[in-house]
Amino acid sequence: MDESKIKKILESVKSGKLSVNAAFNRFKHLPYEDLSFAKVDHHRHIRQGIPEVIFAEGKKVEDVIAIARSMYRKSKKLLITKVSKEIYDALKIKDAVFYPSSGTISVGGEKKRKGHILILSAGTSDIPVAEEAEVTASFLGSRVEGIYDVGVAGIHRLVDIKKSIDSAKVIVVVAGMEGALPSVVGSFTDKPIIAVPTSIGYGTSLGGLTALFSMLNSCVPGIAVMNIDNGFGAGCLAHKINTLS
Amino acid sequence: MDESKIKKILESVKSGKLSVNAAFNRFKHLPYEDLSFAKVDHHRHIRQGIPEVIFAEGKKVEDVIAIARSMYRKSKKLLITKVSKEIYDALKIKDAVFYPSSGTISVGGEKKRKGHILILSAGTSDIPVAEEAEVTASFLGSRVEGIYDVGVAGIHRLVDIKKSIDSAKVIVVVAGMEGALPSVVGSFTDKPIIAVPTSIGYGTSLGGLTALFSMLNSCVPGIAVMNIDNGFGAGCLAHKINTLS
Amino acid sequence: MDESKIKKILESVKSGKLSVNAAFNRFKHLPYEDLSFAKVDHHRHIRQGIPEVIFAEGKKVEDVIAIARSMYRKSKKLLITKVSKEIYDALKIKDAVFYPSSGTISVGGEKKRKGHILILSAGTSDIPVAEEAEVTASFLGSRVEGIYDVGVAGIHRLVDIKKSIDSAKVIVVVAGMEGALPSVVGSFTDKPIIAVPTSIGYGTSLGGLTALFSMLNSCVPGIAVMNIDNGFGAGCLAHKINTLS
Amino acid sequence: MDESKIKKILESVKSGKLSVNAAFNRFKHLPYEDLSFAKVDHHRHIRQGIPEVIFAEGKKVEDVIAIARSMYRKSKKLLITKVSKEIYDALKIKDAVFYPSSGTISVGGEKKRKGHILILSAGTSDIPVAEEAEVTASFLGSRVEGIYDVGVAGIHRLVDIKKSIDSAKVIVVVAGMEGALPSVVGSFTDKPIIAVPTSIGYGTSLGGLTALFSMLNSCVPGIAVMNIDNGFGAGCLAHKINTLS
Amino acid sequence: MDESKIKKILESVKSGKLSVNAAFNRFKHLPYEDLSFAKVDHHRHIRQGIPEVIFAEGKKVEDVIAIARSMYRKSKKLLITKVSKEIYDALKIKDAVFYPSSGTISVGGEKKRKGHILILSAGTSDIPVAEEAEVTASFLGSRVEGIYDVGVAGIHRLVDIKKSIDSAKVIVVVAGMEGALPSVVGSFTDKPIIAVPTSIGYGTSLGGLTALFSMLNSCVPGIAVMNIDNGFGAGCLAHKINTLS
Amino acid sequence: MDESKIKKILESVKSGKLSVNAAFNRFKHLPYEDLSFAKVDHHRHIRQGIPEVIFAEGKKVEDVIAIARSMYRKSKKLLITKVSKEIYDALKIKDAVFYPSSGTISVGGEKKRKGHILILSAGTSDIPVAEEAEVTASFLGSRVEGIYDVGVAGIHRLVDIKKSIDSAKVIVVVAGMEGALPSVVGSFTDKPIIAVPTSIGYGTSLGGLTALFSMLNSCVPGIAVMNIDNGFGAGCLAHKINTLS
Amino acid sequence: MDESKIKKILESVKSGKLSVNAAFNRFKHLPYEDLSFAKVDHHRHIRQGIPEVIFAEGKKVEDVIAIARSMYRKSKKLLITKVSKEIYDALKIKDAVFYPSSGTISVGGEKKRKGHILILSAGTSDIPVAEEAEVTASFLGSRVEGIYDVGVAGIHRLVDIKKSIDSAKVIVVVAGMEGALPSVVGSFTDKPIIAVPTSIGYGTSLGGLTALFSMLNSCVPGIAVMNIDNGFGAGCLAHKINTLS
Amino acid sequence: MDESKIKKILESVKSGKLSVNAAFNRFKHLPYEDLSFAKVDHHRHIRQGIPEVIFAEGKKVEDVIAIARSMYRKSKKLLITKVSKEIYDALKIKDAVFYPSSGTISVGGEKKRKGHILILSAGTSDIPVAEEAEVTASFLGSRVEGIYDVGVAGIHRLVDIKKSIDSAKVIVVVAGMEGALPSVVGSFTDKPIIAVPTSIGYGTSLGGLTALFSMLNSCVPGIAVMNIDNGFGAGCLAHKINTLS
């Protein structure tokens, strides 16, 4: 129920065309959401902090393109994750940027970058997930620094990036296999850490479950854990924390 | 926001004390739930069909008793599941009935029993769960018939109860171990079947998971499956179906 | 043992060719099923409520076509689930309708639609399973309304469909990922709810197990749960409940 | 047997105190391992009852063919399981028979068939596994009868095959999904039952684990359970039991 | 429907009191089971080969005693598994024998012992399960030999029991931990082997699942596998195979 | 290597007692950690943000007390989680506060409370975990508001606490069973959400795994997930985010 | 070796063609199994490197004591693991030492200690398992150094023990929770590392499975992994490696 | 911080340009790693014993080639695992050897081979993993002997290789399915055994988990277990043990 409808009822009350009781009944029998939920609806971005995003995996090429164009027309902004080059080529949206490692398309997004998010990946194979987090947080308006391939087998490399760790507001750590990197990073810093397990590995890596459980059981208290391969979620959470005022 | 408040605003509009815009803003800034959710709240029973019930397992004796008495004072009705004899003895509510096999206490409940629910259990060890379903559905107002110990190892016994199967509106089948009874019953009838796996068994019965998965994979289409040992849930669903008009 | 055989025995008794004892022994040594099971067999539809349906997945193209044609010849009715467009094209049965999203073929089916089943899906990716439920229940003779993409992330949308919820006799809720939609719908209504987990998701969605377990553990009592992606089963159960007299 | 003992025997032979035959018997009755392992080796078929068989899955075409031909040259007998038509065509062994449903090749095998093994499958999709059991047991020399598609959803069909059940020495029951058929068959007979779960199903069939666990938890005591899809193993065990004298 | 009823109908036909059609209809509308299932019921022992047995675990002391006495009165035979000394003491049935390691009570049972079952256990901790198999098979009428503590870590001990292996008709192998003993025994013999995993072990023994899966995956073809700790089932199956004629 | 040692070397260089090369070698062969790690050690609180805390579960009474007193003497601050009343009584530290629901002891802690953390629990059984989070975050210096028993089955209650949601900087949501509450809360707000699954439930709640996986798969993007029952970790992370400047 | 060969040798001895020694050598060089198994049996310690040890868990007090005393009489050496103080007190073997943390009893054992094994534990709760490894390796004759509580959350502590790492021949690393310590230690050294997961932790530590899988997936290549809580196995392997010449 | 920088500071101290305090502060504020970790970095091979190796699985062809060439330029040594023939053909590095069964490329590697590692595989399907271990250990400088297809089903074959077992310093045992071979080998020898489970098998082999758990639960104490299919890790560990001085 938009503003004009409500005002019309009120105006009818004022002018005497509608009695108080009749007006009350009109309100009473309104689908109740009209007064409450609906208006919130126009501010979905504000309410949840994350605009609509298209998760392309498992959707048909034509569907992704149709949703993407409709969304682009409304807001000139767009983020598509787990998407193929094929869709990017067919999309034909000016200013769309394709990130081939993670399969992400970003259009528009915030120009002004705030704060500082550091994204670390343990191995080169974890880069797709790290890149998804990086593109997502950038799109939402965070300043992001990505440093890849700093795994536990070479802990000393972490030392080289201490300056980056110290200047970040929040750190995303992406790791597969035994998923130990967040614990190690956590022993160097008191910044909030977001851990993203990846499905990298074989045998008992169990498609990422081992890294996930490892992170959930970290002896460093208070690590935030995401679903396996969920770089997008990590980017969202990192952005929320990074832009808290 | 109760009626009087809304009418007061409308009256102020009518009388000219309040401009249309000001009134609109009053509505706009009302906690939106005042118009909708709150009133529904007084009718929780109607909205969800199942009055508040106390799940006693893992709660302290004194807490269960306190909640039970408060609930009883309001509605003179009460259902407590997974409860000990000790609590029953301490409860001291007149008319409370204790069912020792399932550990259920029932107070009040519907006097008039409608329809016909048939509850079958595969073995004697499944009776506690079957009894919980029986007490629950009775409490809510269904007529319930319980026939226990009719497992697959003696399929011919099912034949003896064909009359009961034919006259029931909905059938609850409780079984542990391999959980095959719902499939077998389903090959005899076209009535809606609610299957409840129990944690009865050992080794690869996996605490009821085997019976659960077996029921979910039944080759008889359309069997409704409950959580392990969830006789209460089965009683609720059976009652809802049994009393559909 | 068909009618004529039994009558012949009885006629021999009548005519004195066969003594009572000899006749009794003939009955006694008949394969016992001849008198009971066999006749039920002609009424399989009545007994189980669901006519034979072909589950095409994993069957060869030629096999599906052969079974389908034979079934169609007998009853002019046919439902094939998890089937490809390729088979549909080769089938060449007039009046066959192909539903591409779910991969379902429906031929004939009940003309008169009874009651009202509401089918909700959480996301667009859950539509194939929801459609399978919809086609199945329609085929069996239920009136079905499908409303898709009303997931938890936008709970307010549920409010828009309250009227549909209120007028339905039974509600099917299809959801993947965390499978929370049935619980949320259940907090709005006291109708029987059938929850269908889908394999939509990645990582710890575990191919639908997470949604399944989530639904089995719903804090709303009495939700009927189906196997993962089992839209067909949901359609069957919903129809049984919807057409209970 | 230490050095001195052996030397003492030899010395007695040398001195004539002990004849060659008596000495030989002394050696023969030594803890048999001293003489046994090596020679038993030439009789592997006798020791384990099952001649070498090729499990083709995951082996390269050329490797399977090479092993098969070498084996065929030695014994003129051959059984290859989980094999493709492509390999059969390339094999070019006269008298080789290819069973396309299970992907089995059988060459030679026992001519004389003994006893009676009954093999039942629950659904048409379980036939490949049932056929593998059938071909295996036949190859080894058992008389086998296969009756397929007698699942729980149509229990009455079991009645039609009571004669076969009664005349068999051992019964193999192949079933996927909820795996309930062995329990049902077991309620009709006291013959040894070998249950083979199949990977048929979806969702919580968990690739056959549900059928497997269901069979292991059967309320009918003493059902022998095989690995998932292991028709070959069932054929071997059934043959061993069927030919026990 | 007992004999007299059927004869009465036939007599009426004979005497002309009842027409053939009327008699036919009487049969047609009889509860079908009356002619078949019911009579079979009196021969349950014959039909399934295993008389009723009481699985005491999880049952109350008084219930076990009541069922046991009732069963004993009818048949003078009784087998109770997973039972405590406390129940044995309270049972007061003459001739009852209590086996403390497995917690089994045996009364009566077959006097004449047939065939030869060999039962092996891998470790001393597996003896309770092996003893349950031994008592069960003895009770049913098989001659049983139990040799315990012959695990893989001392393969050479197997050699000492070759004579027993060679003279047995069927071999039961009970093992926990890695469950490798059935494979090793199977490399020595072509007798049917029944493998029983036990819950002995810790950590990744997973309560017996590791032994179970190990046995199901044995590279020796055709090993019959039982549920974890299911010595009773192994005894039943071994007896069935041992007494096949 | 403390300051004096290094200065001594430098002084020797200055005075010419030590050549540049010799001094360089002295540095080169120093245990490298002397210059770096050791000093960081004194600032562990600063580096990781969370002072030492005692996890009492599984530790002996006397050990917990000894560690606690030693820690208290150094810093006058102390947090002990999963601790019994028995230990609290024996501890005899003035100002120690015992929280019986979660079994937490807090001594000292920050006086000045900053920001605003909102902690929600779905059911009354989840309160112990929620309280642990509350006590932890308070101890570390955050202002915390706890609102309990606002589960999905009564979504409308969430509306009543919208003001609290709006004023919080970060929200901790504690839920067992199907773990749907974080998704629902996330559809109302764009604040960072920390989800804590609890082991509350039975059957397929799988000791909290279902709630955990449900939360990891939330359709609301960017929810931070903790280990099962890890209220302490949630308190730590919430405090870190709440006090980011 | 067939009959004729043996007889030929014997005949040659008889005829004097072959001396007793030459004949003995012919037997001696026969496929070794002919002569070997039996005699090796007396030297089990030599063949497997680990003397008989008693795993007391789950055994009765009197059984453990009986086996222990018998073993002690033969060899004056004894190791009992997972044993209670109660058994130690009842054992009354002079020189027996009881280790209360791990519940181990050691009697005798090697006096001369060789090599150097370093045993690290991540937390204080892992000490029981570490101590079991320490006592075992000492008993077998290795020099062992145990350093406890050097977990990942305080990586810098590892630096303090670099000297121990450098002088050890093999390192045992005991850790629960996320099991990351072996990876971290492995990034500091090229010594063989034996990782022992413990069941320390809660929730998704899954009784040690998470630590186990984490260790199996270490990005440091070549870490040897033991069963959960298997300090004894780690002690055995460490000793074998430590004493390789 | 390289050598020259440190020497420059020392020189300034010597020449009096820099006071001792100022020099000390320069050291103090150096990124601490400059003095410690960095130098270790040049000796990574020495520190971890295993030079960098490329795990090709899941990496793009061009990436593998680029990394391989860069690595080759530096050290003239290279090991690539899980690599395709396609990459080998494109690599064009002289002296590169391709092992097609395991998909391994080896370039350079140690010329002098030390010690003796014995690698056994249970079946022909396990050869790829065994070969990977063999190539790895050879590359690192160990003398390796590979004997394949000596599984449990033919234990007597083990006897034929006793000489190899006796002369080896460490034994790698590769097995899929039930994974029993390491236990059996362990009953013949006291050498350190490294067990590698493979993903060979079907159904309940669970992709190698069954073999893995079986090995972890071996009743032979002290078997080192690797991740599933991790031939590379086994080769590394075997080499470390084989070359311990």
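The chains carry the letters A, B, C, D, E, F, G and H, assigned in the order they are written, with residues numbered from 1 in each.
FYI, a contact is a pair of C-beta atoms (placed from the backbone, for glycine too) under 8 Å apart; a residue touches a chain by one contact, two chains touch by 3 or more.
Everything quoted here is computed from the prediction, not taken from an experiment.
Among the remaining chains, those touching subunit C and also subunit F are A, B. Considering every other chain in turn, the ones in contact with both subunit C and subunit D prove to be B, E.
Copies subunit E and subunit H of the same chain sequence form an interface built mainly from equivalent positions, shared numbers / all numbers used being over half. Annotation: 25 Å between the Cα-based centres of subunit B and subunit C.
A separation of 59 Å divides the Cα centre of subunit C from that of subunit G. Taking the mean of the C-alpha atoms as each chain's centre, subunit A and subunit D sit 55 Å apart.
Those residues of subunit B in touch with two or more other chains are numbered 32-33, 37, 48, 153-154, 156, 186-188, 203-205, 209, 212, 216-217, 220, 227-228, 230. The list of touching chain pairs reads A-B, A-C, A-F, A-G, A-H, B-C, B-D, B-E, B-F, C-D, C-E, C-F, D-E, D-G, D-H, E-G, E-H, F-G, F-H, G-H.
Interface of subunit F with subunit H (complex): residues 3, 6-7, 10-11, 13-14, 16, 20-21, 23-24, 27-28, 30, 32-33, 35-37.
Touching subunit E in their complex are the following residues of subunit G: 37-38, 40-41, 44, 48, 57-59, 63, 197, 199, 207-209, 212, 227-230. Note for the complex: subunit H touches subunit D at residues 124-125, 153-154, 156, 159, 200, 202-205. Those residues of subunit G that touch subunit A in the shared complex are 122-123, 151-156, 177-180, 183-184, 186-188, 201, 203-206, 209-220. Partner subunit B is touched in their complex by these residues of subunit C: 46-50, 53, 169-170, 186-192, 194, 212, 216-217, 220-228, 230, 232-237, 239-241, 244.
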